[in-house]
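Following are the structures in question.
Okay, so chain A shows up in both of these, paired with chain B first and chain C after.
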Partner chain A sequence: MIQDTRLIEIKNVCKRFGETEVLHDVNLYIRKCEFVTLLGPSGCGKTTLLRILGGFEMPTSGEVLFEGKDVTAIPPYKRRINTVFQKYALFNHLNVYDNIAFGLKLKTPEQMGCKSKKEQKEEIHRRVMRMLKLVKMEGYEKRSTNALSGGQQQRIAIARALVNEPEVLLLDEPLGALDLKLRKEMQLELKTMQQQLGITFIYVTHDQEEALTMSDTIAVMNGGRIQQIGDPKGIYDEPKNAFVADFIGESNILDGVMLEDELVKFHGTEFQCVDEGFAPDEPVDVVIRPEDIMIVGADVGMLTGTVESVIFKGVHYEMMVNTGAQRWKVHSTTMQPVGSQVGMTIVPYNIHIMRKQKEA
Partner chain B sequence: MKRSWYASPYALWMVLFTAVPLLFVCYYAFTDASGAFTVGNFTKIAQPMYLLVLWDSVRLAFLCTVLCLLIGYPTAYFLSGRDLNHAQSLVVLILVPMWMNFLLRTYAMMTLFEDNGVINSLLEAVGLPRLHMIGTEGAVLTGMVYNFLPFMVLPIYTVLKKMDYSIIEAAEDLGCSPLRVVTRVVLPMSVPGVVSGVTMVFMPAVTTFAISRLLSSGMIYLVGDMIEDYFISMNNRNVGSSISLVMLVLIILSIGLLRKVDPDNSGGGLW
Partner chain C sequence: MNSHRTSRFLKGTWLALVLAFLYIPIIVMIALSFNASVSRAEWTGFTLGWYAKLFQSRQIMEALKVTLEVAVVATAVSVVIGTLGAIGMHAMNAGMANVLNTLSYLPMTTPDIVTGVSLMLMFVFTRVPLGKWTMIMAHVTFDTPYVLFSVMPKLRQMNPNLYEAALDLGCHPAKALTKVILPEINPGIVSGALLAFTMSLDDFVISYFTSNTDQNLAMIVYSAARRGVEPTMYALSTLMFIVIMVLLLAVNRRSGLENMG
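Presenting the complex of A and B:
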């Protein structure tokens, strides 16, 4: 279970590469046993932030605390953190067993709580075998790493990191190269491992579904800034700004004006909503999820439009409905033929109002 | 047209200039001057005098290879560094000597090492005593290292350059200090390059002849010189051929040994 103690604190971290600012004043804390995902598009700074945690990069300013102690300048080999790299980075001069045992063999017998070299060797063997079992790769210990598939290499990379029993495991888009089915399997396995072992995972991905599936906490990043931190449901249901809404799931985003509390005007129409606390006539972003738009008869809808296209997506149909001023993305389990007139209704609870984001 | 036919010009070349001459060498090695079969050529070169020359050649080639490795590996490691600007131009700088014919380079070294050569003139100019260098084993070894060093640097450089940097980060991540990163990961993973470099230096070094003759003023006599003498000055192609054949077998054996170190031949070696 997640504990309340803050294991890692990132304080005012900035990172520049030459003229480019990759991270801008990032603040984040990570609790013990938490599964935290850094989520964002390419170039948002998520990997740089992970590399700072691993000790591979120094922040330009700011500090990283580990159990309250400043570790900003501590090199990677002295941190109780291990990493699973994007391209696995296995040692191809060693077989599977020696890859996993690599970190343990660097330790002295005393560091592993053993009295002799021999005892340490036995302990290493026990732990490597336990890891092989955990990642379901028993019987592969003598294999060359070159002879493994992508998914198998990934399992070995995970075992190689976990065998050292780190406080924190960093994962840099570890499932990026796997096919969809294998990826889904591995997501569940990783989550199970994390809960079994009680290790803090910090996971980097650009895949919002992956983030929602696995995380306790998601930090959505864009342009070197953290946009929103929260649990998956909170981030999905209550995105803080238009970027988060758009990145997490699909959205219709419109310009609107907040007329008064619980009343917003967009698309030339006034709508009831549930948001309060905006200035009178404050310009806002209005976000509506495609699955929150209900298709009704053309004569009873709040809005009416023409169906422009229909795509079958498996569970639902995705339709584009043109209302003249706006093209709406609508998800529905019933199909409307292209060219037909439909009405659309949105309940107040599903209209999300967001303050306009000041361009950085 | 079948794809293999494209190689026919080379196949013809191989037959004319490698296969046929090799058969001639075998023929001469096992015959005497009258053309009768004999193993006398081999018993002749089993004598201590010949074996000593052979030993000297192997010893010098070995020393040359070790020196090239000791100088070449750190150089290649430095050049493959990812923070290094202009690495490419530095690599070219290492290649520049190879653009000149090796005989020219060796003659140039002679003028450096001679008793009245460039180095001694410089020493004299700054008031230091002269050194006798030409004709010593040191001069020959220097000449060999100078000529063969690029063959050591390049394959090691290629292997190190291809190494994914995340491998090194993974090693650090798992607890390797910077020194251990080198001993546990970089060195073992560059073995194919080292094997390739060692082969490419040792093979030509063990049969070298002009370098030893020129820089030792004829004082050091190696297998290559001996083969040349038998064919040209003594006009005895039978003994010359048998020495060549012995060298060929030795070289094949050493390749076999090196193959054991790098079974996949992943260094892209030329041999």
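Presenting the complex of A and C:
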């Protein structure tokens, strides 16, 4: 269960590499046992932020607090944090068992609550075996790491980090190199592990679906800034700006003008909506999810257009509907033939109004 | 079809000619080392006598000791310098590393005679008596680049996260070096050491200029040749050739195995 205590706080963190600013005034707190995902396109600064948490980079300014104490300058080997690296970074000169035992063997018997070296050795054995079971790699302890598949190497990398019982586990796109089916399996397994062990996970990915599946909290990043922090449903349903709307799921994004509270004009038409608090005639971004557009008869729709293409996606059909001024992406469970005239309706609740992003 | 055959024949002949040109002198020398006659002109029977004589000669045994001592110590020192140097250069920014890279290539391309004379001048200038230790120092200068350039590719191939993974799991930086980095680049270190050892074993020119008192095997062969070659020298050269060939085969085999994965 997620606890209310703030385990990690990132305060006003900026990072520059020479002239380029990679992180701009990032603020974020992470609670105990929370599964937080840093989500964004490549180059958005998510990995740099993770590396700052791991102690591999120093922020140019700002600080990182761990349980209220400033750990910004604490080296990685003194942090109660472990990392699963993107390319696994297993030690090829050691077998699977010794890879997992690596961190424990560096500890003194006292640090592991053991009275003697012998007792520590037994405890290490117990814990390594427990980890192998957790990651479903029992029987592999004597194998060379070179002989493992990508998915298996990933499991060993996870076991090697988790066996140290860290407060926080950092994961840098750990499933990026796996095929789709394996990736889906591992997503569920990771989530289960996290809940079983009660460890805080901080997860970096550019895959929005992965983020939605696994996270308690998502921080969407772009251009070195956090765009939005929230739970998966909140981020999906109420994206704060056009970038988030576009990055999370699919969207139709249109230019509009807010005429008055709860009334917006786009596509040359006035629409009822539920947003308020905008200046009169303020230009806005209008975001509509493809699944929120209902296909109706051509004569009763708020908008009418011609179906240009239909793709079968499994659960639904993805159609492109051209209304002349705009091409709409529409998801529907019923198929409309290419070339047919259709009407489209959008309920006020599904029209999302966003303030225009000021270009940095 | 016919032209294909001709071309194959020409290729084969050419290859045979090149190999003959390269190896016939050595084969002749090896054969003569088993010739009972002192004369090069006639074959009077097979003998191992020259080899026996070789091992009975105090001078040659003394030179063998010097050769091995110099090679072992120089290799050990250059392994340390070369490996640490490679790790340091790997961590540097590209510009600085490039400069050092070029500087490290120089000793490999400079003519031995230039290296030898300049080292001798330096030792004379600093009043270090020329002997075994100056020879060792000289050998370190030309051995180190071999270690450096054997280790560098290993570092470049290494997953850049390995060092960080070691730190992450609780290693201090020094421990990360010994427990993770060195085992990872070990194949490069061993290849470099074998190469350096080989270079030391057969060096003549630089040793000749940097030692007055102690002589290594190559120097013995040279001074003997000036007096008129006797077949013990063929025997000695044959043994040196075989040892060095075995060492180089070992280096090749190692890198061959690694490239196979």
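Definition applied: the second predicted complex is superposed on the first by the 360 of 360 C-alpha atoms of A that agree within 3 Å, B and C clash if a C-alpha of one lies under 4 Å from a C-alpha of the other, contacts with A are read in each partner's own complex, and residues count from 1 in each chain.
Note that contacts are C-beta pairs under 8 Å (C-beta built on N, C-alpha and C of every residue); 3 or more make two chains touch, one makes a residue touch a chain.
Quick caveat, the model's predicted, so the values are computed rather than measured.
Chemist: Would chain B and chain C fit next to each other on chain A once aligned, or clash?
Modeler: After superposition on chain A, chain B vs chain C: clash.
Chemist: Let me test your reading of the model: by the given contact rule, A:Gly103 touches which partner, first (chain B), second (chain C), both or neither?
Modeler: both
Chemist: For A:Phe56, decide between first (touching chain B), second (touching chain C), both and neither.
Modeler: both
Chemist: Output check: A:Gln86 vs chain B and chain C. Expected answer is one of first, second, both, neither. What do you get?
Modeler: both
Chemist: Shared contact residues on chain A, chain B side and chain C side combined as an intersection?
Modeler: On chain A, the residues that contact chain B in one structure and chain C in the other are 54-56, 75-77, 81-83, 85-87, 89, 91-93, 102-103, 106-107, 160-161, 164.
Chemist: Per the contact definition, I'd like the list of chain A residues that touch chain B in the complex.
Modeler: These residues of chain A touch chain B: 54-56, 75-77, 81-83, 85-87, 89-94, 102-103, 106-107, 160-161, 164.
Chemist: Can you check the complex and tell me which residues of chain A touch chain C?
Modeler: Spelled out, the residues of chain A in touch with chain C are 54-56, 75-77, 81-83, 85-89, 91-93, 102-103, 106-107, 146, 160-161, 164.
Chemist: Residues of chain B touching chain A in their complex?
Modeler: Of all residues in chain B, those touching chain A are 164, 166-167, 169-177, 180, 184-185, 188-189, 191.
Chemist: Sort out for me which residues of chain C touch chain A in the complex.
Modeler: Per the touch definition, chain C meets chain A at residues 159, 161-162, 164-172, 175, 179-180, 183-184, 186, 261.
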